[in-house]
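What follows is chain A paired twice: with chain B in the first complex and chain C in the second.
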Partner chain A sequence: MDIKQNFSNYKWLILAMLVIAAILVAIGAPTLVPICVAIAGIVPVLVPDRRMIFLLIAVFVVLPLMYPMYLDTDVTPEVKSMYDAIEELESGSVILMSFDFDPATRPELYPAALAFMRHSVQRGHRIITMALWPLGVSLAEEAVRDVIIDDWNVENPDRTYEYGQDYVHLPYMPGGIVVINQLITSFDENFPRDIRNTPIEDIAAMRGVTNLMDIDFVFALSSGDPGLRDWIMGGADRANRRVAGAATAVAAPEFYPYIHAGQLVGLMGGLKGASEYEELIGILGTATAGMDAQSLAHLAIIVFIIVGNAMFFMDRRRTRF
Partner chain B sequence: MQELATADLIGLWIAAILTLFIFSFLYKDNPLYKLAEHLFVGVSAGYILVRAWNDVLVPQLFQRIWVPGFREFTWEGLLVVIPAALAIMMLMRLVKSAAWISRWPLAFIMGVTSGLYLMMFLQTNALQQIRATMVPFVAAEGDWWHILTYLGPVLALLVFILVAMIALRESIEVLYRRWNILLPAYLAVAGIILIYVVAVRQTPDEVALIQNESFNNVLLFLGVLSGLVYFFFSKAHTGAFGVTAKVGIYFLMMAFGASFGYTIMARISLLIGRSQFLINEWGQEAIAQTPPTVSIVLIAALVITIVGVAIRVRHEPTA
Partner chain C sequence: MKKRVPLIIVFVTGVAMIVQFFIPPWPFSDLAETVQTWVRVIMAGAMALGIASLLAVNLNKIYRQREGWPYSIVTIFGVFLMAAMGFIWGPGETYRIPVDSPAAFDGFTQANQVDPGDPDAVAQALDEEIASLRAEVEDRAEEGVTEGAILREVNLRFQRRWGASPLQIRLAPTVREYIEEQPEGLRSHSLVEEALEANQQAVYDRLVDAGEMEGLDLDQRQELAESVFEAEFTETWNMAPLDMLAAATHDQRNPFFWGYQYLYYPLSATMFSLLAFFVASAAFRAFRARTAEATLLLVAAFFVMLGRVPLGTYIGQWVPDLAQWIMNVPNTAGMRAIMIGIALGTVSYSLRIILGYERPYLAGGKD
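What follows is the complex of A and B.
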């Protein structure tokens, strides 16, 4: 292994690491500076090819998770408006949570589900969960277990949330927009029974809920189609319900026009949106814990892009002359 | 720390091992990665099948036809025979000679979906969005402000044309010919900015709010206009039209940049999720609650397996 050659090939990487170290000092997070310097010296020797980028990103993600730096994050208006909408609802209002995602996007959307459900429970709202994606049902059950059974009911034994009384799980229903359309007419036609096979008319949590018009707020966790867009079309525009959602970061930019048009009350975009909601409800969870790693990884990628472009233009200039 | 049941403990270990198998793809494509990938696909398909059976077929089909004990019989319940027949027709795809039958339910699905989407999609994604772009350029409150807000652009356009005519001593036709078809649009934009600047100066109390909203609204107008011009291909993108289209490209590039940034955020979030799982649930809970000897043996076996496979595939081309 020609170590000297490796250092020569990866001088830009070394520069990038040093730039990141300088920025870390500037933003008041110097704990990772020695690691950046060490990476600048060691990685070109150990992994002398492009896979070192993977290794570096892994380092920048894992280390902040183990040694948090508690960098600040601001709450955006899209998340605040959703929070305010839930605050404005009277206690006991009916909230429909649609779990339209699967484990592939769990790291992004599950923290959002937990934060929103916590807030709804704090405010004393009734929760109905459903899923337009087959794997969403088990995620809804898991969220209820984490928020209500293991957490809320233990900490508030005098105000416990009971299945069937305060919340209910409706089963998976295929059809996307067709299902939403049918819900505008009738709930029990689509969902004759809950996931425990109890007839819908015998469930106290469903009292007074005959169709989508009886739902006070719709919150859709969406990682594709069917998902939030269908809820905007059916729930917001057709049924005139207040609809908000959490979307994967990849899909989030597509939903901003709907917020601007007033069709969407609010939006949690990816892990960042969930961390903002956690900050608003004052219970910091996994999303907030991941934001240091997110910020640092982004910083590394920005520096890589800048240095990579500089390298490209300098190389091109060199070959021209 | 929460005490884990044995089944949960085993589940966490399997999840951690499969996660590391998936990560091994970053080195090179290898049999461990393939194993984890195939397991994921198989388990997901099986789970979806069970969900579809329990959540859809049983309550929506069987329990509607055969109400438990045949106590209640309704002709209405028999209507579900129609979708059931369509579902069976769809399965005919599996029989080569009868595959054509599956086109009927497909046609039904396409017809229903198109019919539903036609109006709803138009309403949500076209009409409502067009309405949302019709915003006042000077976002201010008050009686006379309202008039100015909506009449402002029109007045500005007229004033600007008048000034231009006086200044250049030329007719509108000459200006139009010289400056291309988009002259009115340019004049309108210039007029809007003019009004916006003048208006802001006259309301010191609301300056910040008006500035922000007005700026956003003007930007929105420019973005929509130039973006639409870029996608208008019936006229060559030259002259003023070409400049506008180029501005449209810049707006589009900014949108792509935002999408790219969000995409990176999404991918990093997934890595964070898995890292949190490995550090917290596997590292701090599963390993801590597993007998040390078992943990050491399992981790050693895992390391030996991954390193062994890595050595075996090291000469194969990198993915």
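What follows is the complex of A and C.
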């Protein structure tokens, strides 16, 4: 192994590590500085190829999750407007949460589900969950277990949330926007029973809910099709309901036109949106911890882009002369 | 005729759906409802078609031993395994496993040198143990951890250490007494559920013999037996039958849940998270400012990536503000243009299909 050659080949990446270390010192988060320096010194010797990039990203994602720094996050208007909308609703309002995602995007969307559900429970709203994706039901049950059964009911024994009374799980329904359109006409024809096989008319949490017009707020967690776009078209445009949502970071830019047009009350974009919501409700959860990892991963990618371009221009200049 | 019939069906359905959107009253509203229900039935059927297609492709691959065929075996095995577990245990269901709470009680009282016959001393020892575990948990708890999460962790650690929860140990003497009162075949901590069922059945039989069930249907009989049993049981044992069950059993998630939670979920999340590595590698090797457009994209990406994470705020408030402006103005303008383009394209393509100029449903053939 030609160590000298390896160092020479990777001098730009070594420089990148040192730049990241300097930025971490500047922002007052020096926990990972020794690791950056160690990587700059050791990794080119051990992994003298592009796997080094993968290794660096792994380090920058895993370590902040193990040792969170809880960097402060600022709240964007699209998340604040959603928070305000829930605050403005009268206690006991009916909120429909649609879990339109699956475990692949769970790390990004599940924290948003938890934060939103916590806020709704704090405000005393009734929650109806449903899913346009087959595995959404399991995620809805898991969210209720984490927020209501394990947390809220333990901490508030005098104001517990009970299944059937304060919240209910409706089953997965195939059909996407067709289901939403049919909900405008009737709930019980589309969902005759809940996931426990109880007739919908016997469920107290569904009292007064005959169709989508009786829902005060719709919150859709979406990682594709069917998802938030269908809820905007069916729930906001046709049924005139207030609709907000959470989408993966890569999908979030698609929904900005709907926010500006007033069709979407608010949007949590990726983990960042969820961390902003956690900040607003004052309960820091996995999204806030995840933002450290995301910050460092973004920083690493930015430095890679700068370094890659610097190398590109150096090479081009060398070729010219 | 073979082509004319599908063309007529498409034309009539398409025009009817457009008409119902603009003229909602009957009969168009009913027509829309019916057609939409058909769509949902077809979509549910598509799932069966998907499974059939998956099996056909993978079985063919295995039969011909094409490259990577062993992976097809894993795929088919996974499909059948999860389906079988789902059919047997059902999604999200739990099943109860017995907890030997009397044995856990003995272990706890001996280790803490507490008189088992003194409930106050046992309660005090339990409180001290919980307080010590709580201190351990709080010591390691991260910022923002909720009270519920702390209690859950304390309970879990207690269960791991003593083989039962604090509540189960507290109730263990009553459970032991209840077990001892059962007939010989049911006298075991693992048969409490069966004992409760037998007790309830005895109440049911007694009410039938007494003629109190006459004129009632099966559901009403069951309901009456349950309420009488619950009242009598609570009076005798000072706890409801369900509490007795909770004191002697523990809810265990079924194998379908384990397959979902510990196989499907991590594998799916892993596939999605690989994106981060490819993006980083691609950013280093391919994201170059070769042209003015590429430079513009690169600069925008630079600020959005910085501004959409807390790190941007540390550099200066202008970074998230700039990122927000990019999202609100150029991004929204671009997305609107794309969406309007897609919508116009969809409308014109749909009209061509309705009018029969495009026939993708006829195996893509024009004629």
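Brief remarks on what is shown
Convention: the second predicted complex is superposed on the first by the 321 of 321 C-alpha atoms of A that agree within 3 Å, B and C clash if a C-alpha of one lies under 4 Å from a C-alpha of the other, contacts with A are read in each partner's own complex, and residues count from 1 in each chain.
Throughout what follows, a residue touches a chain if its C-beta (ideal position, glycine included) is under 8 Å from a C-beta of that chain, and two chains touch if they have at least 3 such contacts.
Predicted, not measured: the structure shown is a model, and the values here were computed from it.
Legend: residue contacts after superposition of the two complexes on their common chain; A:267 is shown touching neither chain B nor chain C. More residues of chain A lie in contact with C than with the other chain of the pair chain B and chain C.
In the superposition on chain A, A:113 makes contact with neither chain B nor chain C.
Once chain A of one complex is fitted onto chain A of the other, the partner contacts of A:193 are limited to chain B, with no touch recorded for chain C.
Look at A:21: by the touch rule set out above, it reaches neither chain B nor chain C.
Judged by the touch definition given at the top, the superposed model places A:283 against chain C, while chain B stays out of reach. In the superposed model, A:232 makes contact with chain B only, not with chain C.
When the two structures are aligned on the shared chain, A:179 is found in touch with chain C, with no touch to chain B. By the touch criterion defined above, A:68 lies against chain C but remains apart from chain B after alignment on the C-alpha atoms of chain A. In the superposition on chain A, A:309 makes contact with chain C only, while chain B stays out of contact range. Shared contact residues on chain A (touching chain B in one structure, chain C in the other): 54, 57-58, 61, 102, 105-107, 135, 137, 173-174, 178, 181, 195, 249, 253, 257, 260, 269-270, 272, 289, 294, 297-298, 301. Residue ranges of chain A in contact with chain C, taken from their complex: 23, 26-28, 50, 53-54, 56-58, 61, 68, 70-74, 76-77, 102-107, 135, 137-138, 141, 150-155, 173-176, 178-179, 181-182, 185, 195, 249, 253-254, 256-257, 260, 269-270, 272, 275, 278, 283-285, 288-289, 291-292, 294-302, 304-305, 307-309, 312. Every residue of chain C that touches chain A in the complex is listed here, in rising order: 29, 32-33, 36-37, 39-40, 43-44, 47, 91-92, 142-144, 146-149, 151-152, 260, 264-265, 268-269, 271-273, 276-277, 279-281, 283-289, 298, 301-302, 305-306, 308-311, 313-315, 317, 320, 324, 327-328, 331-332, 335-336, 339. Only residues 26-27, 44, 47-48, 51-52, 54-56, 59-60, 63-64, 112-113, 116-117, 120-121, 123-124, 128-129, 131-132, 220, 255, 258-259, 262-266, 268-276, 279, 318 of chain B touch chain A when the two sit together in their complex. Contact residues of chain A toward chain B in the complex are 49, 51, 54, 57-58, 61-62, 65-66, 102, 105-108, 134-135, 137, 171-174, 177-178, 181, 192-193, 195, 197, 229, 232-234, 236-238, 248-250, 252-253, 257-258, 260-263, 269-272, 286, 289-290, 293-294, 297-298, 301.
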